[in-house]
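One chain, chain A, appears in both complexes that follow, with chain B as partner in the first and chain C in the second.
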Partner chain A sequence: MDVEIIERDGNRIRFIVEGVSPAFINSLRRTIMAEVPTMAIDEVVIVENNSVLFDEILAHRLGLIPLTTPEGKYGFSEDCDCQGVGCPKCNVTFTLKKEAGEGIAVVYSGDFESSDPEVVPVSPDIVIIRLVPRQRIEIEVFAKMGTGKDHAKWQPVTVSAYKYCMEFDFDSEKCTLCEDCIEACPKQILKREGDEIVCIDPLACTLCDACAEACDFDAIKINENDTKFIFTVEGLGCIPPESIVRQAAQILIKKSQELEEQMKTMSA
Partner chain B sequence: MMIKQLKLEEKMIEIVIEGEGHTFLNILTQTLQENPDVNFAAYIIDHPKISHPRLVVSVSDGTPFEAIMEATKKLEEKSQEFIEKFTEAFKKYKDKKEE
Partner chain C sequence: MEIPIRCFTCGNLIADKFEEFAKRVKKGEDPGKILDDLGLKRYCCRTMIITHIEIIGEISRF
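Here is the complex of A and B:
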């Protein structure tokens, strides 16, 4: 197995994994989306809301605000000592009180006051609601850990995807150097070098096969390598993307160990 | 993860793994199939919303428990190797960027 990081920028990471099966990489992808836990608002107490938005729409909007999640600090409330009731060990409380005076007031995610400074909205500029004069909201919300399996608001990523790496197969004996393939390529990554056509950026290839179809002499073949993958993860900012990937692999390990344990007791 | 045993013969087992889905079962059956002693390994989820995956493993040599334990161990090692390689690659990338 070989891993190489191509890009790490903002909330995005791109890396190449070589020497694994499609099943493994797909499990990793699914685990990242559905099983890596994050914090999200789950319970809302509305003290007052005379704005134009109904309580349930407001609650739904609040749930979708991504929250920063310190690694290992909080666990699932079902596994907590409080047995899912909700306590400071597994829940974070936010309060928000805002009233429009004479003008229009905009309520932002940054207006929340958190009980834990490590768990705050990823961006303070998310608009929750606009209030006109004499409208007012007062709410108390509880955030807890959850997984994307239960609701998309707990998903730590927006993008978790992989694609096969491309292998460019060029036959110089069949090629007539008509350069039709170079024009056909939508990514413009083919180039003529002397008597050969070369691919200057194999990672950008989308495996669309347009170059092979444009060639009347079968000089070009695009093969996909199903043991080498380009993996892209784009986080929401709750957890750094490299940490998401690591946590996902750890979840797979935990599951394997759990099943192994169970098999041991069953066979005994 | 809760496991219910539906059928157990000397060389065959049928179990229900509650709380899991395609994410874990797909890689598990694939790892099982890599073992030459395993004749048959597959799972089915009857209904995507209300059913739990049902796993059937049949072996020609040893017991099905041994085959499953071997597969989980293999999967564990693979994931561990991935974490190590990934952490190493990330460190390398970071060092290179700082230069």
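Here is the complex of A and C:
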């Protein structure tokens, strides 16, 4: 298996994986979305809320705030010594108190005071609620580790997707150089070089087959390479994207080992 | 009412971007360019921002 990173920008990473099956790459994609744990607000104690949003709506908004998650620092509270009750080892506490003075006050995610400076909202500018005079909220919230299969708020990514690499199959004997295919390509990645049509950027191809359909002489064929994939991961800022992929791979290894052991005990 | 925390379709964070968007649109900038600057590439997230109407100010009076 070969992995080559082709793009790395902020929360986004794109890489090519070669020499694996579609089943493998799909299991990696699903593990990234459903199994990589992050921190998210899970319990809200509302001391006071006389704003226009109901307590439930407010709590739902709070839950969706992505939180930065230091790798390996916190475990699931079910596996903790407190047995899921919630303690400083598995929970992070945030407090927030705000009251509108004379004008309108905007409550931002940056107004939260966290018990752990490593676990904070990924952006301090998230608008939680707007308060008009005489309105105030006072809340205490608890964040804990969880996975995307329990609730989407724990997903570390917005995008975790792959596509097949393209193989451009050109038959120069059938081609009449009419250049219909070049015009048909929505990504404009086909070019004429001498007596040949070439693809200048195979990675940008969406495998739409428009060029092959435009060709009346069957000179072009677009083949999917099902052992080579372009994988895109776009994180939310909770965990760096390369760390998300690494953690997902480790989870997959652990799960395969568990399966192997189970099979051994069954056959024994 | 209030801008949703995340994009309904893809889950991207948008609640921290609406204020800047609204401010810059008022100044007369091109909305499409602002969305590009804010890093909103997909049309799902862009729709969330463009179609949002802030009515919380009106409701707050009651």
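Definition applied: the second predicted complex is superposed on the first by the 260 of 268 C-alpha atoms of A that agree within 3 Å, B and C clash if a C-alpha of one lies under 4 Å from a C-alpha of the other, contacts with A are read in each partner's own complex, and residues count from 1 in each chain.
Everything below uses one rule, namely that contacts are C-beta pairs under 8 Å (C-beta built on N, C-alpha and C of every residue); 3 or more make two chains touch, one makes a residue touch a chain.
Quick caveat: nothing in here was measured; it's all calculated off a predicted structure.
K.L.:
Just checking: does A:I126 make contact with chain B only, chain C only, both, or neither of them? Give me first, second, both or neither.
P.N.:
Touch partner of A:I126: chain C, not chain B.
K.L.:
Is A:Q155 contacted by the first partner chain B, the second partner chain C, both or neither?
P.N.:
second
K.L.:
Does chain B (first) or chain C (second) touch A:K163, or do both, or does neither?
P.N.:
Neither chain B nor chain C is touched by A:K163.
K.L.:
Of chain B and chain C, which one touches more residues of chain A?
P.N.:
B
K.L.:
Taking the superposition on A as described, I'd like to know which of chain B and chain C A:K221 touches: first, second, both or neither.
P.N.:
After superposing on A, A:K221 lies clear of both chain B and chain C.
K.L.:
Touching A:L53 in the superposition: chain B (first), chain C (second), both, neither?
P.N.:
After superposition on chain A, A:L53 lies in contact with chain C alone.
K.L.:
Between chain B and chain C, whom does A:K97 touch in the aligned arrangement: first, second, both, or neither?
P.N.:
After superposition on chain A, A:K97 lies in contact with neither partner.
K.L.:
Check whether A:I253 is in contact with chain B, with chain C, with both or with neither, and answer first, second, both or neither.
P.N.:
Only chain B is touched by A:I253; chain C is not.
K.L.:
By the touch definition above, which chain A residues appear in both interfaces, chain B in one complex and chain C in the other?
P.N.:
On chain A, no residue contacts both chain B in one structure and chain C in the other.
K.L.:
Spell out the part of chain A that touches chain B in their complex, as residue ranges.
P.N.:
Those in contact with chain B are residues 1-5, 8, 15, 17, 20-21, 23-24, 26-28, 30-31, 34-35, 149, 242, 245-246, 249-250, 252-253, 255-260, 262-264, 266-267.
K.L.:
Quick check: in the complex, which residue numbers of chain B touch chain A?
P.N.:
1, 3, 5, 17, 20-24, 26-28, 30-31, 63, 65-66, 68-69, 72-73, 75-76, 78-83, 85-90, 92-94, 97
K.L.:
In their complex, what parts of chain A are in touch with chain C?
P.N.:
Where chain A meets chain C, its residues are 10, 51-53, 61, 64-66, 104, 109, 122-132, 135, 152, 155, 158-159, 234, 236-237.
K.L.:
Can you name the residues of chain C that touch chain A in the complex?
P.N.:
1-3, 5-7, 10-13, 15-16, 18-19, 39, 56-57, 59-62
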